[in-house]
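Note that chain A is present in both complexes that follow, paired respectively with chain B and with chain C.
Coming up: the complex of A and B.
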């Protein structure tokens, strides 16, 4: 420990060490740790009138969690959020893996830059506007209905926004590119010679992918899946813009709790959502056998 | 053999064409509608080419106020996230300590946390323990929590390539810590710092989920858009989308150009 401080002071000087401690300290304590702990604390306390706060009724309780686990509707919404996010993640992976491989290892020269730009531009466009575009397409008098009527496939417009399909479609569109870039980044570092060697030795392309490309791309796939799942499960914009009023999503339930000033219940639901995302991340780390460090390179 | 290769080419080409059509067609439709004089935002019936929706948008005072707020928030986030990100990057690249991996995990955890959680926790902390009601300040801090992680990762990736012998040489020649930092370390990190300013600004400007829960009754531009899109949709929103898309394209091209130039320099 003494060596640590001696080395730190020698390399960075007093001001440098103080700068690091102050900046990182503020961020770690006041922006990351304390707010999280307070949210958790909120989730463990009952909702009380202002005068009861700090009084004898203000004790830790699991009531808010019990309310969640015994509410059939909210449980169903929670499971819907899980499987929908799962579908979004799988579809995004299936679509993006070939794109990432093509960009990283097949195409060469100036075309790469152009294709990359073609990915970056929609990636940078505001999430709400990407969802708005689908709102326009799926509306009753929207492009899809008009097209189907014009082609004579349907007579009356279909209400695409009933049910959950529109939200899942929108989420896939809005978050798909969070899958491309992590996979592309790891694939780019794969040595092309390995692929050539495997091909020369007669390996089929399926085998090349299974034995060489996929093992190499594991960290990227894990990051992409974690990010996509987290974004899909945590989006409040997609259900707000594309969901039907009769079918709520988990983030909307959280939002309603806060709008009704039941912060304690809202905090409990938010904690459940965070646990879900953490569990998913650890499953990904286990499946792909990567460390948290490789996850965010 | 040759024919199977050309079939493969056609399949790949078709796949790419489909993928990019999927990515861009919705945005193109949205853009076309912005110029249709039809009051309902749709392509048909086409009632003539017009710029009127841009005029309509410009008359909306709420929009200008939200835009101003967005700038205030974005500049503040940059001012918080880049210096702290630099501190984090120096901590993790320059100092050796046992709990390093653990600290790293905690510092990047905001990126892997759903945005609404960051908004909620920031709001609860400041509202009930610091007596600061939800507003621009809580929105700034909620956003900065995870944007700082991005800045740190960006700065780290450059700091890891730093040649420490440069600093040692300077120390041997009698330079002070301050001189070494301003003359050697900072100039080396400059490109990464500039990129992280751009990234932090864009991330903040686009943020919806975290902001929604932290901002209380105030509005940034995404919150304004969200509110409008949930109520009555006017093609003025398409006009706003066109402005956003145009700016994004310019921003993405400059950012990518810079990044590439930096990559070439490294190689």
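Coming up: the complex of A and C.
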């Protein structure tokens, strides 16, 4: 550690080191530590009228958490959110793994840039607008229903937004990039000769992926899955715009709490969701046997 | 056991560029065959064609008499050792060597036995459970060899596998490779730009330049009787004198050059009036006191470089032509000093005239 500071001082000078300490400090304290602590504090206090805040009733309690764990409906919504986010992650992985492999190891030369651009272009548009576009595509009189009717596959339009399918579809679409890029990055560093060598030794493509490509891409897959899962579990836009009015998502429950001025209940729910995401991340790390250090590379 | 490889009329084109053009060569079963040439001459392309990573634009490749076109690298009786070895970094030495066997569905117990045999063959005791990143360069080399041999290939393809090693290790691995080849009887096709490597290890050498196979012969024929100007200048050190043939005398020809007329062998049966280059190896140039000897060159000594077993003498003729002469340090060569004037000569049996090739820029 001493060496670290000594080297930093030599390489960056006093001003450089001070700048880094201050900026990293501000980021850590004001963007991460304080907001989380405030929210955690909120979640441990009862909802009170303004005049009672700071009074004898303002004490720390687990009441907000107990409300969550005893509310069967909210618990069900919570598990549905986990389950759906999990499905979004799996579907995104299934779509992105081949795309990333194709971009990293199959396409050569300038085409990669063009294809990358194709992937990025939709992200030039705001997420809300992209979800609106899906709303239009999936609407009763939307393009998809019209096409299916025209082709004679269906007679009456399908209500795509009835279940959770539309939300899962929208989320998968919205977060595909977050899955593609981490996987693409690690796959790019894979030596093509290793694929050739495995092939030369008689391996089928399936085995090459199982034994060579996937083990190499593990850190990228872990990052992609973690990010996609967190984004899916934490978004409010997709369920709001694409979900059916009768089917709530956990983020919407949190949102409603805040809108109804019960910030304390909302904070407790948000903390629960954050804990879930952390648990998911650590499970991913365990499954893929990668360390936090590799994850951030 | 090894199988023969027949490369017939093979051409490989990438766009307008021919990486290989009309290649014809028959490599015998159990032979150690090297393709020698500068980088970009198409030798790696040829190797990849034999291994099945791609199919030629034109022509046929047969291994053991069986047509290989359309058969992928995973189904050919070949195994390749890559220039960068391409070992699997996330597998142990044992897993690396056993990969080809695992692919073939060999039961684990049997597999371990076979891998242990190979570890013994390539002298890698005690490294089986290590990861390849923990090995030295020479050990990695051995893992690559063992991994390729594990699948019992009929033909082993080697793409400059020794180029990353230091000189001493390289010498050692050359002998080792040759040894393994003799013991296993597998056909070896070796790619290299290092002539010493090709000449010392191979049964036969094929010299390539820009997609063309210039000559296929045993090493001493390649060195002593190069078929083309490219081979003569690429393999070994050589002196060159350009001129026009003024007379033909049976096997020999006389060339008029800027430094006078010289007599030499005429292997390409060139005729009078043709332009060509005389090639003379530095070790066949010697000093003479006779002032009326044939093939005489009056020179000044420009530079002397003592290399231990021999000295390299740089000579300059009166016409400004530079020549190299090699004096063996065996006590027979007269001592010389820089700036001294000497007469040098060469026997006509040791020099040969060849057509000026369009690719003699080695």
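Rule of thumb we're sticking to: the second predicted complex is superposed on the first by the 280 of 297 C-alpha atoms of A that agree within 3 Å, B and C clash if a C-alpha of one lies under 4 Å from a C-alpha of the other, contacts with A are read in each partner's own complex, and residues count from 1 in each chain.
Rule of thumb we're sticking to: contacts are C-beta pairs under 8 Å (C-beta built on N, C-alpha and C of every residue); 3 or more make two chains touch, one makes a residue touch a chain.
Since we're looking at a predicted model, the values are computed, not measured.
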Chain B versus chain C as contact partner of A:61, first or second or both or neither: neither
Contacts of A:198 with chain B and chain C, given as first, second, both or neither: second
Which of chain B and chain C A:71 touches, first, second, both or neither: neither
Partner chain in contact with A:212 - chain B first, chain C second, else both or neither: second
Partner chain in contact with A:189 - chain B first, chain C second, else both or neither: neither
Of chain C and chain B, partner touching more chain A residues: B
Touched partner set for A:159, first chain B, second chain C, both or neither: neither
Residues of chain A that lie at the interface with chain B and also at the interface with chain C: none
For the chain C and chain A complex, residues of the former touching the latter: 51-53, 72-75, 78-80, 82-84, 86-88, 90-91, 99-100, 103-104, 147-148, 150-151
Chain B to chain A touching residues, read off their complex: 12, 15-16, 19-20, 22-24, 26-27, 29-30, 33, 40-44, 83-84, 86-88, 90-91, 94-97, 101, 104-118, 120-122, 124-125, 128-129, 141, 144-145, 148, 153, 167, 176-178, 181, 202, 206, 208-209, 212-213, 222, 225-226, 229-230, 233, 237-238, 241, 244-245, 248-249, 251-253, 255-256, 260
Parts of chain A lying in touch with chain C, wherever the complex brings them together: 191, 193-194, 196-204, 207, 211-212, 215-216
Residue ranges of chain A in contact with chain B within the complex: 4, 7-8, 11-16, 19-20, 22-24, 26-28, 31-36, 38-39, 42, 95, 98-99, 102, 106, 113, 115-137, 139, 141-143, 146, 173, 177, 226-227, 230-231, 233-237, 240-241, 251, 254-255, 258, 263, 266-267, 270, 273-274, 277, 281, 292-293, 295-296
